[in-house]
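In the two complexes that follow, chain A is the common piece, with chain B as its partner first and chain C second.
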Partner chain A sequence: MNKGNSIKNFLISKKDYLYILPAVILITAFFISSIVFTIYLSFYSWDGFSDKVFVGFENYKKLFTDSNFQISVMNTCLWVVLSLVISLILPLFFAILIVNSTRSSLFKNIFYFPSTLSSTVGGLIMTALLSMYGIPQVFGLLGYDSLVKDWLSIPYVNTIVMIFMGTWQGIGMNMLLFIAGLRNLDRSPIESAQIDGASKMTLFRKVILPALKPTTIVVVLMSLVNNFKVFDNIWVMTKGGPYRSSETLALTMYTETFVRNNYGGGAAVAVILTLVIIIVSYFNLKNTFKSNEG
Partner chain B sequence: MKETLMIKLDKKGQILVDTILSIFGLIWMLPVIFSFIGSMKEKQEYNLTFLWDLPKQINWIENIKYIHEYSNVYQSIGNSLFYSLCGAVGSAFFALLAAYGLTTLKIKHRMFWFMVIYSGTIFPLQLYLIPVFKAYQKLGLYDTRLGLIIFYIAICIPFSMFVLRNFFLGISRDLVEAAKIDGASDFSILWRIFVPMSKAPLSVVFMTQFAWCYNELMFGITFVKSNDIKPVMATISTFTGNKPAMLVACAITSIPTIILYLLLNKNFNYGIVYQSK
Partner chain C sequence: MKKLKLMSFILIICLLAGSLAGCSKGNDQAKDTSVTENQSSSAAEKDSSSSSGKATFWNDKLAGVAEISKKLSDAWSSSAGLTVDINSYGDTASYQTAVSQSIDDADAAPHLFTWWSGEQLETLATSGKLMELDDVWEKIIEMGVSPDIKEALSYSGHAYAVPYSLLNNVIIYNKDAFKKAGITDTPKTFDEFLEDCQKLVDAGITPIGLKNDSWASFIWFQAITASYDPNLYLGICDGSIKYTDERMVEVLEIWQDMFRKGYFAEPVAHSDNLKRIALGECAMFIEPQGEVTSLQNEYGLVSGENVDAFALPSMHGDKAVVFFEVAPMSVPAVVKDPETSKKLIEAYYTKETQTVTLKEEGIVLTNTVDIDDPTLAKINAMVADTDNYQSILRFYENTPSALRDHALVELAKFMDGQQDVMTTLENIQKKADEVFGN
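Then we have the complex of A and B:
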């Protein structure tokens, strides 16, 4: 009797936990357990069907001697670095012009519009633009006949082309963040600097840019994390080919696992990608909570 | 607050700014313009004419028919709308419960539980591919609508919970106390007080997560094999051959997310701050 009561009391005292239970169960079942399983799998050799064989760090060792993986790492770095530079400079440039324009909402919508499309659709549109009678022909008409070919099928060139094509969709969010940052700037230092006769360039370098630092940090960290994970664009435009020359880590993980049935190797790539992203995310999270907790 | 100019520009400066923006704006619209022109062409015509050559006729009707006959795009759009609706509503519901629990109810180690739920957004999604794929094969959820829906619900929870929790933290505790004295249960406080107050964050959560599910490609191509239940991005990513028809399919596919953007534009200042997943 007494015992039954205490169980009942215990349940009543814990009923508040029922509210977080569904979310916690789903997250644990899908994500937390997946993380553990993927790490576990990265130490096994597995084709997805037969028995797993423990191989220790063999999967990782193989990766680092695999030239495809090295290319993939190079491509990923290229994506991250180039996209970071582009997605910092262009959006900032547009944002500054837009807040000073008489038609700011029109231009804002024009530059943001591509970001409302999915990256799959964006990739398909870009593929259509890059077909033989598309963008390459512009160079043909200008006299550079050697440039008239399918850019996406030239190893290493295709990655660069995709990065530049990616900026069409990639700058929207960053531009909005910069516009918001600029609109929220404290006006008095800007006005007093203008009264003091500072030139627009000095004003920009000495007053506006330093004041935009918090927004810039958010943009940098977000771009870093997102560009490490880029998948959809590449999948649609080249599938990582030809000869796996345009793969990034996200694609290598997918191909190793689901195309080549090397589940252990795929898991190892996922773990490496995760480690890199966690390091970047650490700064991102620190920054997020600094601004949101208050 | 609207349209405040940053730096006082003279007339010349103003014209310069607008001119530069117009040039870049035109560049940014070129892919849209070319897609528009291209979508009117015939397959042969597209392959043999320059991108900027105007079409001889408007071939939209034929292209729309072609999509119907040779692909599953229309059915997939229906599928995706359904999956995204379930994903966004389901995750919003569980996120509401969790956010309410974490901000208002007696739960120990709130920060720990918050981090457990939030952890879903920190790691790259590639980490979840193999385990969920294999588990789905074992449980019979592979290649089913249900499997994809549950996954979308789960993956949208962390972000939704994060936004709602932030909003709930701002709701006065006095309100909760007063309702409790009047004899309201926890659930009715959530349903009758918190939910009506959270229309703005709820709509932002709903719209962003709907758009995320709708635009998602990687899990769609991995967890589903049958053509009739594939989500739209998985279907359209394999659309090759007829480029004009493909461009028409792209346009039709994008209608839902463009409408969402227009709707979201109103709540935008709230929305943009948290869009990454």
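Then we have the complex of A and C:
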């Protein structure tokens, strides 16, 4: 009887784990096992069909001496930095305007609409618009014949164009987060500052912005992670071309694995990308918890 | 409270059951229906319970063209006396994954599947995953398939694939654009070709359209190299001639000169390139014969009247080269009923099936089908005219993939004016030394 009771008590005390068990199983089966297999694969040479051959750190060595990988890293950094700056400033700007507008719902919907499109669809729309017979033709009609070309075929210009396109789609979500953050601000410090005669700029810099810090950190973290692994719109728009000049790490990972059938090389890129994201996220989160405790 | 707990428990069980069911292995469940399209002839839909008399064909060629796939399935089924189930994958990575997961499983493997020639086919063949098809080749040669293709699909003396399509890459041109520039006949020598390009430029027409696909930078490289000397082209492909050979320097200088004179348009998306050829903004491009059909179907050009084709003439009196690319079809070594696979292959080359592939895709592999389209007939005649033309496997499949991928990037940079002739050739040769072990 005592044994039966102890088992029953044990099960009751552990019942909460049952609720998270399906998610744990799914994540372990599809996520953690994939990560472990990818790390394992990064030490092998494999084309997907033949036997795997152990090569140690050879895949990593080849990557760091490959000029295309270096371009890939540079493009990824460009994506992250530019997107971060734009996706912080613009959504905050729009959020402030919308919160103070009389038609906030209308403008919210307008600016959020691009976020409802998938990156693939957005990429296809932009590809059509920026193709030779799209917007460039308009410039041709205005007399700028040198602009009548496929803008996505111009190296490095295409990366900037794609960053703006990605930001166009990403603004909506960040804007909503900032709107929520602004609406949930404690009004007392703001009113006190206004009574003390603080200018609008001083009010924004010294009161509102610090109060928005938790929201800003969430936006920064999400943008960082999303931009490090950006793939969809680049694949649709340029496939990393011309001559691999617009490739990012996620694209390199994909093309090494599925286009060049170099599963080991692709896995090595995946491991490096994951480590970078973990390090960046760790410092960001550590900083957050440190300042919250302070 | 008890009801709530019971509901939660039931939901957990359903979620677990759903997850386990989703993980279970099965041929039908493994395919994501949003990625694949499945076409069967109407007879198959009535007789789905019978596994004998049914054959599966996997491919990455017919996704997004359900109508063509259905017509092919009907004709093929009728020829084979089988129900041909065509499964088309729209995404290359998904297709490769599906094949790699099924090729060793007798229950999951298709009867026939398309693949890529060159190293990718060699990988499957040499790892014992494909059935030898030497006996099938004897039959299909009798049916009219060219025996010259067999070598490109053979390794260690055995054939491991048959052709799904044979695409011949020639210069397809807009006749109206040529007429506007005062060109009444196709060039017979390379010098005439350059003169015609200049006439087109003088008439305000860009002679040659280019597409911006990242893999396409070899197209004019191979054409000009083979025009200089077909043996030079074959030599760089097999590593017996260096890319830095003085003849290659001359080839690239000729190509560079053509860029300087404005003979090439800026690369654009393939669909836009097709459009500007159709509109006469560009006069010609090198593409497989299927684009003749596209120009007619999409832009209403008339074969022989507005659109025609020719091969780039030789610079030194050699035979003009027509580059071919062959998409192979193979049979997994573990297939349950190899006789069905062989029957399926033979039925593909019957007049009935080939008539559909010609009409819908501009592809024909046998000489038994009447080709009404004058341009397609002309291209076929070129290939058959071995006195004046030579068919060679294109660069993409004729070069080791590691070298090819590197060369494509270097050639694209050269085309874009990012680097000069010697830098381009030296960079490619460095990789060639690594690959060929020089």
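Note that the second predicted complex is superposed on the first by the 239 of 294 C-alpha atoms of A that agree within 3 Å, B and C clash if a C-alpha of one lies under 4 Å from a C-alpha of the other, contacts with A are read in each partner's own complex, and residues count from 1 in each chain.
As a working rule, a contact is a pair of C-beta atoms (placed from the backbone, for glycine too) under 8 Å apart; a residue touches a chain by one contact, two chains touch by 3 or more.
Quick caveat, the model's predicted, so the values are computed rather than measured.
Contacts of A:Arg244 after superposition on the shared chain: chain C is touched, whereas chain B is not. With both structures placed on the common chain, the touch criterion links A:Ile190 to chain B but leaves chain C unconnected. Of the two partner chains placed by superposition, only chain C is touched by A:Arg260; chain B is not.
By the touch criterion defined above, A:Ile135 lies against chain B but remains apart from chain C after alignment on the C-alpha atoms of chain A.
In the superposition on chain A, contact of A:Lys149 is made with chain C only, not with chain B.
In the superposed model, A:Met175 makes contact with neither chain B nor chain C. In the superposition on chain A, A:Val225 makes contact with chain B only, while chain C stays out of contact range. In the superposition on chain A, A:Tyr19 contacts both chain B and chain C.
By the document's definition of touching, both partners, chain B and chain C, reach A:Gly48.
Common to the chain B and chain C interfaces on chain A are residues 19, 22, 26, 29, 48, 131-133, 254, 257-258. Of all residues in chain B, only 1, 3-9, 13-14, 17-18, 20-21, 24-25, 28-29, 31-32, 34-35, 38, 46-51, 94-95, 97-98, 100-102, 105-107, 113, 116-117, 119-120, 122-132, 134, 150-151, 153-155, 157-158, 161, 166, 186, 214-215, 217-218, 221-222, 233, 236-237, 239, 243, 246-247, 250, 253-254, 257-258, 260-261, 268-269, 272-273, 275-276 touch chain A in the complex they form. By the touch criterion given at the top, residues 8-9, 12, 15-16, 19, 23, 92-93, 96, 100, 103, 120, 123-124, 127, 129, 212-214, 217, 266-269, 271-272, 275-276, 401, 405, 408-410, 412-413, 416, 418 of chain C touch chain A in their complex. Across the complex, chain A meets chain C through its residues 18-19, 21-22, 25-26, 29, 47-51, 68, 127, 131-133, 149-150, 152-153, 155, 239-244, 254, 257-261. Taken together, the chain A residues at the contact with chain B in this complex read 16-17, 19-20, 22-24, 26-35, 37-38, 41, 48, 94, 96-105, 107, 110-114, 116-121, 123-126, 128-129, 131-135, 137, 168, 173, 176-177, 180, 182-183, 185, 190, 194, 200, 203, 208, 222, 225-226, 228-229, 231-232, 235-236, 249-250, 253-254, 257-258, 263, 266-267, 269-271, 273-274, 277-278, 281, 285, 292.
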